[in-house]
Amino acid sequence: MDAVREVAMSVAELEAFLAREFPQAFGPGKPHHVMRVGHRVACVRLDADDSHLRPGGTISGPAMMALADVAVYVALLGQIGPVALAVTTNLSINFLRKPAPGPLFADARIIKLGKRLAVGDVGLRGAGSEDLVAHCVATYSIPDRPAS
Amino acid sequence: MDAVREVAMSVAELEAFLAREFPQAFGPGKPHHVMRVGHRVACVRLDADDSHLRPGGTISGPAMMALADVAVYVALLGQIGPVALAVTTNLSINFLRKPAPGPLFADARIIKLGKRLAVGDVGLRGAGSEDLVAHCVATYSIPDRPAS
Amino acid sequence: MDAVREVAMSVAELEAFLAREFPQAFGPGKPHHVMRVGHRVACVRLDADDSHLRPGGTISGPAMMALADVAVYVALLGQIGPVALAVTTNLSINFLRKPAPGPLFADARIIKLGKRLAVGDVGLRGAGSEDLVAHCVATYSIPDRPAS
Amino acid sequence: MDAVREVAMSVAELEAFLAREFPQAFGPGKPHHVMRVGHRVACVRLDADDSHLRPGGTISGPAMMALADVAVYVALLGQIGPVALAVTTNLSINFLRKPAPGPLFADARIIKLGKRLAVGDVGLRGAGSEDLVAHCVATYSIPDRPAS
């Protein structure tokens, strides 16, 4: 029962909300997919298409930054629900390894959920690997609400 | 004569190189344009199209991250020329204000050009405004070469 | 007359306030000194003593981080005055060159002064040099106040 | 037997090395202590003294930055041994909560160990708490060596 209590939005609710908010990224035929949401965590998958690839087939840096950013956003929405208007104020990313071809997974975790700021970190990895391709920390500004 | 000595690639050479390297971003009909290159500085313009906009018409965070990243890359290429294979290792960005509609300009400056690492900072602003929309610092790893 | 209007605290007022707030860093015989404050800018000098030095005489990273942090704080106090309780929420620093012996100067600039967040960047340099030893961006959380 | 194979320096060897390298921070009567070192991880404790405290008894930001930085350094030394001359090139920290009085623990993890760069992240927490007081990511530049 904990999962019911602890998550403000289900995967299906998040997918529907994101398809409206980010119509280029989420929705039928689009490359981003919410895999999982839990207490202060979320996983988002990117099935890279040509717009995300550099010549040679490597996923571009901006595609990884966008994936990392949205994964923290999804973990945050899972806590505070769809009503909140949250915007990224700071994002810092380290590119660690060249990603292998194939889908990319972003595992995000909220490490602070305050009244005005939320902070999350996120690791990007390929399928079937524990090695991080990139690591990112993002801060979101959120409308005033009780701290939790 | 200083400009000849101090810049390894002209605006036209940079545009041609980038159209090959980043065919989705630079080239005829594409949204990014090299405005200026000088000693350790460069300016790149983004004419946002639908793929860069959020619902409501605001330029998306990832579009700003991509613009900031490439502006530092252009300033770096202006110093070390097109042969170098440089990759971003770290990027940190602060989103400061909601950008107004219209083109976005990225003014980049190289603050360190070492043997193995280059660091640049970059301010993003709208046309006709000095207020920064975003501020970014990026580190590039570059193949071994003499420090300068 | 602009300087009078635009700065909320003079150098002497800042020095007195900081000697109370940071008694280990500012005040008679202490290593930090406010050199200058202006519209959204400030300069702070560090006369490094043994506690700031690594074996060999180089100024330590933490001493540079502390100097950068306080210089942004001073520039912010120059705008909002001594009543505000501002705390650092994020600090990102790049170490660029080994500093030469002697005093270190931190030139800070506020690039955003919002209702809840202020962001500043700061360059650290030695005496008589334009080359940056380190570059830092810091975010402060400030109590609710009108944006400016 | 894994621990023997996987760690290049023991806790005692690290303590002895750090007492020579950072005589103000490590050694008999000094505030930093290596608690643990393992495969790509380390834990360092800070027993804050007056030089680390702000008026009111809170541990200062610079003291937390120094602790985070050295914890990543210790985890790195645990992998590459004492011969390597590694220097911090980038450090990004988020301050999340006010630390309670008492010792502070830094749990560091190396997320990339390349030929030229190593990246680690580190969480700071008080005794008996899982809540992070601060979270930091640091990059070290290391002399050329085989990737691992």
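Assorted remarks:
Each chain gets a letter, A, B, C and D, in the order it is written, and its residues are counted from 1.
Keep in mind that, in the parts below, a contact is a pair of C-beta atoms (placed from the backbone, for glycine too) under 8 Å apart; a residue touches a chain by one contact, two chains touch by 3 or more.
Predicted, not measured: the structure shown is a model, and the values here were computed from it.
By the residue-number overlap criterion, the interface of chain A with chain D counts as same, with over half of its numbers used by both chains. Using the average of C-alpha coordinates as each chain's centre, C ends up farthest from chain A. Distance from the chain B centre to the chain D centre is 34 Å, each centre being the mean of its Cα atoms. In terms of their C-alpha centroids, the spacing between chain A and chain D amounts to 28 Å. In this assembly, the C-alpha centroid of chain A lies 25 Å from the C-alpha centroid of chain B.
The multi-chain contact residues of chain D, meaning those touching 2 or more other chains, are 89-90, 92, 94, 139. Across the interface of their complex, chain B is touched by residues 92, 94, 96-97, 111-112, 119, 121, 123, 132, 135, 137, 139 of chain C.
Put simply, chain B touches chain A in their complex at residues 20-24, 50-51, 54-55, 60-62, 65-66, 69, 87-95. Those residues of chain A that touch chain C in the complex are listed here as 89-90, 92, 116-117, 139, 141.
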